[in-house]
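Let me begin by presenting the structure, written as structure tokens, before commenting on it.
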Amino acid sequence: MESPQKYLLTIVSESILEDRMIEEVRALGATGYTVSDARGWGKHGKRRGKWRQDSNVRIEVVGSQELCETICARFKEEYQADFGLLLLMTPVLLKN
Amino acid sequence: MAFEPVVLFFLLGVIAGLAKSDLKIPTSIYDALSVYLLLAIGIAGGVKLAESELLPLILPGLAVLAVGCLIPLVCFPVLRFLGSFPRSDAASLAAHYGSVSVVTFSVAVAFLAQAGLDYEGHMVVFLVLLEIPALVIGILLARLGMAGKTRWGKTLGEIFFGKSIFLLIGGLVIGYAAGPDHIGPLEPLFFDLFKGLLAFFLLEMGLVAASKITDLRDYGKFLIGFAIAMPIFSATLGILLGWGLGMSLGGTLLLATLYASASYIAAPAAMRIAVPDANPVLSIGASLGVTFPFNIFVGVPLYFWMAETLYSMGG
Amino acid sequence: MAFEPVVLFFLLGVIAGLAKSDLKIPTSIYDALSVYLLLAIGIAGGVKLAESELLPLILPGLAVLAVGCLIPLVCFPVLRFLGSFPRSDAASLAAHYGSVSVVTFSVAVAFLAQAGLDYEGHMVVFLVLLEIPALVIGILLARLGMAGKTRWGKTLGEIFFGKSIFLLIGGLVIGYAAGPDHIGPLEPLFFDLFKGLLAFFLLEMGLVAASKITDLRDYGKFLIGFAIAMPIFSATLGILLGWGLGMSLGGTLLLATLYASASYIAAPAAMRIAVPDANPVLSIGASLGVTFPFNIFVGVPLYFWMAETLYSMGG
Amino acid sequence: MESPQKYLLTIVSESILEDRMIEEVRALGATGYTVSDARGWGKHGKRRGKWRQDSNVRIEVVGSQELCETICARFKEEYQADFGLLLLMTPVLLKN
Amino acid sequence: MAFEPVVLFFLLGVIAGLAKSDLKIPTSIYDALSVYLLLAIGIAGGVKLAESELLPLILPGLAVLAVGCLIPLVCFPVLRFLGSFPRSDAASLAAHYGSVSVVTFSVAVAFLAQAGLDYEGHMVVFLVLLEIPALVIGILLARLGMAGKTRWGKTLGEIFFGKSIFLLIGGLVIGYAAGPDHIGPLEPLFFDLFKGLLAFFLLEMGLVAASKITDLRDYGKFLIGFAIAMPIFSATLGILLGWGLGMSLGGTLLLATLYASASYIAAPAAMRIAVPDANPVLSIGASLGVTFPFNIFVGVPLYFWMAETLYSMGG
Amino acid sequence: MESPQKYLLTIVSESILEDRMIEEVRALGATGYTVSDARGWGKHGKRRGKWRQDSNVRIEVVGSQELCETICARFKEEYQADFGLLLLMTPVLLKN
């Protein structure tokens, strides 16, 4: 499967959005995702990871550049104003 | 007046938080304890309910509900016009103060146990009834002046199957089904350990509250004043209503405490989804950082004293 | 018939799961509770064992073991030829249904306590004995037609030092060593809280089972039928054996429940390593999504009724 | 130590394989590894992270391209058929 | 001699660890249990203290403290010159062995309960007093020959608001404030469950200790010898001092156990920050892998026997 | 904000250093950070993630190359000798 260039999209946002974001990621055509718990600080203030409303999740999606860009655009529009959000893309080699 | 050592644990947590102690209670323990408290409160109410009649509760229930809807409708204009808060923040705060806090209720229950007073089992039904309407009113208030769709389906699902309502009702049903006859084997966990685990939970809440107080500092004195005056006002309504409905002194204290308490579990979750442009730091800071400690240290004894005075005059 | 409120917690968990409530019990609590239940069951058995003689248990133990080996050998052809399952899936399912579930056993123990019936302490020894052989048989069945090496060393290590066997035996030894004389200080945690913590655990199991039921839907009716019929068949064997061995009514119910129960802790872990090409969704879905709820809601009372009937006829 | 190009190999797989994979990673010559818990969904279905048999781990190894490729090849052959598995390689700058 | 089944749980954990069982107790449970134990020990001491006078404790307290400062000052040269350890390792080990272990203390408390002996409530005050000075001395010893600044502010903050000191003092104050009259509702959790939860905690500690023993193997026999001889020496000091101060047999056992015990919570955290070049594997390996099991299996009964002999001679 | 090349700095170190490192990261000018729990093994021995003194954290900072290099240099000097430490830099596309 060492196919065209893949990207790893890393989304860091509020835990409360986990289910919603995952649904959207799948609806936009991702073939998989990985979620882990995190805490952090950014423009929206410190999230201590000690409280459901207060903790972050990291959602990672490996996919084509197009898919990752689509998800970024959607999430930026939908969540950027009201929620903590970080969106990163990294080119990766998918080895399986 | 009854001295309740349980609140000292909250203080301990606050001190640890402010002193930046490395004391931490893991989130998973916090989550498990909150499941426990909700179930235990529900079960205790259910068992009591199994011994009482349900029909005569409908009218008082409606009265309790009506006053419960009044509270956020009072909060909103106060915050919006006196406090000059943006619409969505005022609405979200109104929802928090209209809804109720199970842990504050639990502290009042512990207070009554210490004072040797009983209360009506259906208080837990009222607790359940009062959690929801203020949230719906808050969302409506936020939406009034605004375009755009509310995700009502999602939001109501989040509220009704949100864990606090769900576990309270679940506990009520299980306690009712088991009744005093079959609850025995569950008593050591759900009754005997209640106070000890509440103490543990309060320790953790103190840690969290400490950080919220710090967050709040930047938002000025009006909000802090509101977070103290509003509960006293609401509690007064509760005392008058409880007395008017002929409830026991214990029941009236619990009703006053319910009205006075501000939600910090159900409301934040619901508001974050339904009114995302409201600043959660404001509402959690006020409810958890100010109103909660005010209620458990000063409020509950104060409301008790007020109710006692009224009852001794009225009696 | 005795009503056992503990199973209602499982129902509550299932409803929460199906309704997509945000109720979650953290993994760490689940893990800690399973350590607790295994230890508590082991200790209770050990204390009882300390009061009974061990020698007369050898022959009945062998008989119990023999029937325990028979069950997976019946399951396998049924699944392979009637159900047309691939060899490895049939073998893995046979291992799950041949092995036992400690929580189902615990519910039956709670049921007996509610009914005021005692049981033989060595039932816990049987529980330990019955967990392992079916796993080994399952692996052998999977390997029969296949090339390639089994990692027996790893696999047996995984089974024997797997936490369920390990904690049950550890608890048995500690309970036996302490005996009724020294167990006192451990009683509040390991005896008095048993039912309450079992209730909590069942709540979590309900949440998990809800997701497994959903997963299973795609795999057709044969498996669901199997997951209900097989326990009834196995329980019947258990009732006849218990009766034949002259066991008490309580002991016979526990033996029937052991045979009827399907493993969902030890077996999945062992099968995932030893028979990795078996689909874990099938076996966990069937054992946890169907057989477990069937057993605790319908099975245990049914087996009790069957055993009671036999004993009243036989007596 | 700012030596030849290093790679970060990210392996997402089933928790039950953690110990086994770590052993193999060390046997293949890695000088270190980092493990964290995750949950996710892919071709092998949803893993909810709520249950030992049901949760994922992320194993990360920083090493030479050769080492990472060797691990990938080995794990792909050994686990791909029967277990949930994601293998990613990213070029990184090792700063210590 | 009293047999205390609680220590068997530690053994069970060690076996599971060495056998590479998949038994794991989640970190969050471990953290919560350690908060619980610290609070419970503190509360129990506070309640006892509420019934005794504080003034007559000052002089004995100073004597206890003085001997407590002596121990690290004896450890250091032994390790540095006999053991040829680097300065920072010798200093860090001295801090660990000069400070105390709450769990070892708890096992001794359980031992006394089993033996039916009482002890002075202020032993918990001594426990608090003894945790800190050895840490400061250890840091000073490490710094003596060295340039560079010590982050004293940070370090002392870490020590005083570190969770062990903080929770012990918090528990003491709450227990003292509540007194025997108001502690009732907290008893089921903090008193009745103490031994059971201690057993659970020891299970986890066994798992951790198993890995530490393995780590230590590479560091030679001198350290292992030290980890056994040093506690016996310190305990002897404690027995003589307790006897000299006219303490009860139970109190003397606890004092001996305090001196004999080595810290593995407060000390590692403090030393890692203040003496970062000390190898933590050495100190945790010795204190948790050798001294802790030695104390709970051999030490406590041995010190009890020593104290009993002295008291029967002296009496 | 698709500005000049950003880097993701990944720091894996001992949990006990979390608060201290976060303070320094902020003092050095980072606009945010993300923290998650990990366990691992490296030159300083196995950290099992089961014990406060024994577990690792992963601290991630997205920022300019300069910022990341500064943090690396500082942390390497300050912690490398006495603490478990891994420092990685990866070029990323910041999408918000």
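Descriptive notes on the structure:
Order as written gives the chain letters A, B, C, D, E and F; numbering starts at 1 within each chain.
In this section, a residue touches a chain if its C-beta (ideal position, glycine included) is under 8 Å from a C-beta of that chain, and two chains touch if they have at least 3 such contacts.
The shown structure was predicted, so the numbers you read here are calculated from the model rather than taken from an experiment.
The minimum number of touch steps separating subunit B from subunit D is 2.
Common neighbours of subunit A and subunit D, listed by label, are F. With centres defined by CA atoms alone, the chain at the far end from subunit D is B.
Farthest from subunit C in terms of Cα centroid separation is F.
Centroids built from CA atoms put subunit E at 40 Å from subunit D.
The distance from the centre of subunit C to the centre of subunit F, with each centre set as the mean of the Cα atoms, comes to 46 Å. Each of residues 24, 26-29, 31, 188, 193, 269 in subunit E touches at least two other chains.
Contacts with at least two other chains are made by residues 36-37, 49, 90 of subunit F. Within the complex formed with subunit A, the subunit F residues making contact are 8, 22, 26, 31-37, 62, 90-96. Every residue of subunit C that touches subunit E in the complex is listed here, in rising order: 26-29, 31-32, 35-36, 39, 157-158, 161-163, 166-167, 170, 173-174, 177-178, 182-183, 185-190, 193, 269. Contact residues of subunit F toward subunit E in the complex are 14, 16, 45, 48-53, 55, 81-83.
Contact residues on subunit A toward subunit F in their complex (touch as defined above): 12, 36-43, 49, 56, 58, 69, 72, 76, 80, 85-90.
Remark: subunit C residues 24, 27, 30-31, 207-208, 211, 215, 268-269, 272-273, 276-277, 280-281, 284 touch subunit D in the complex.
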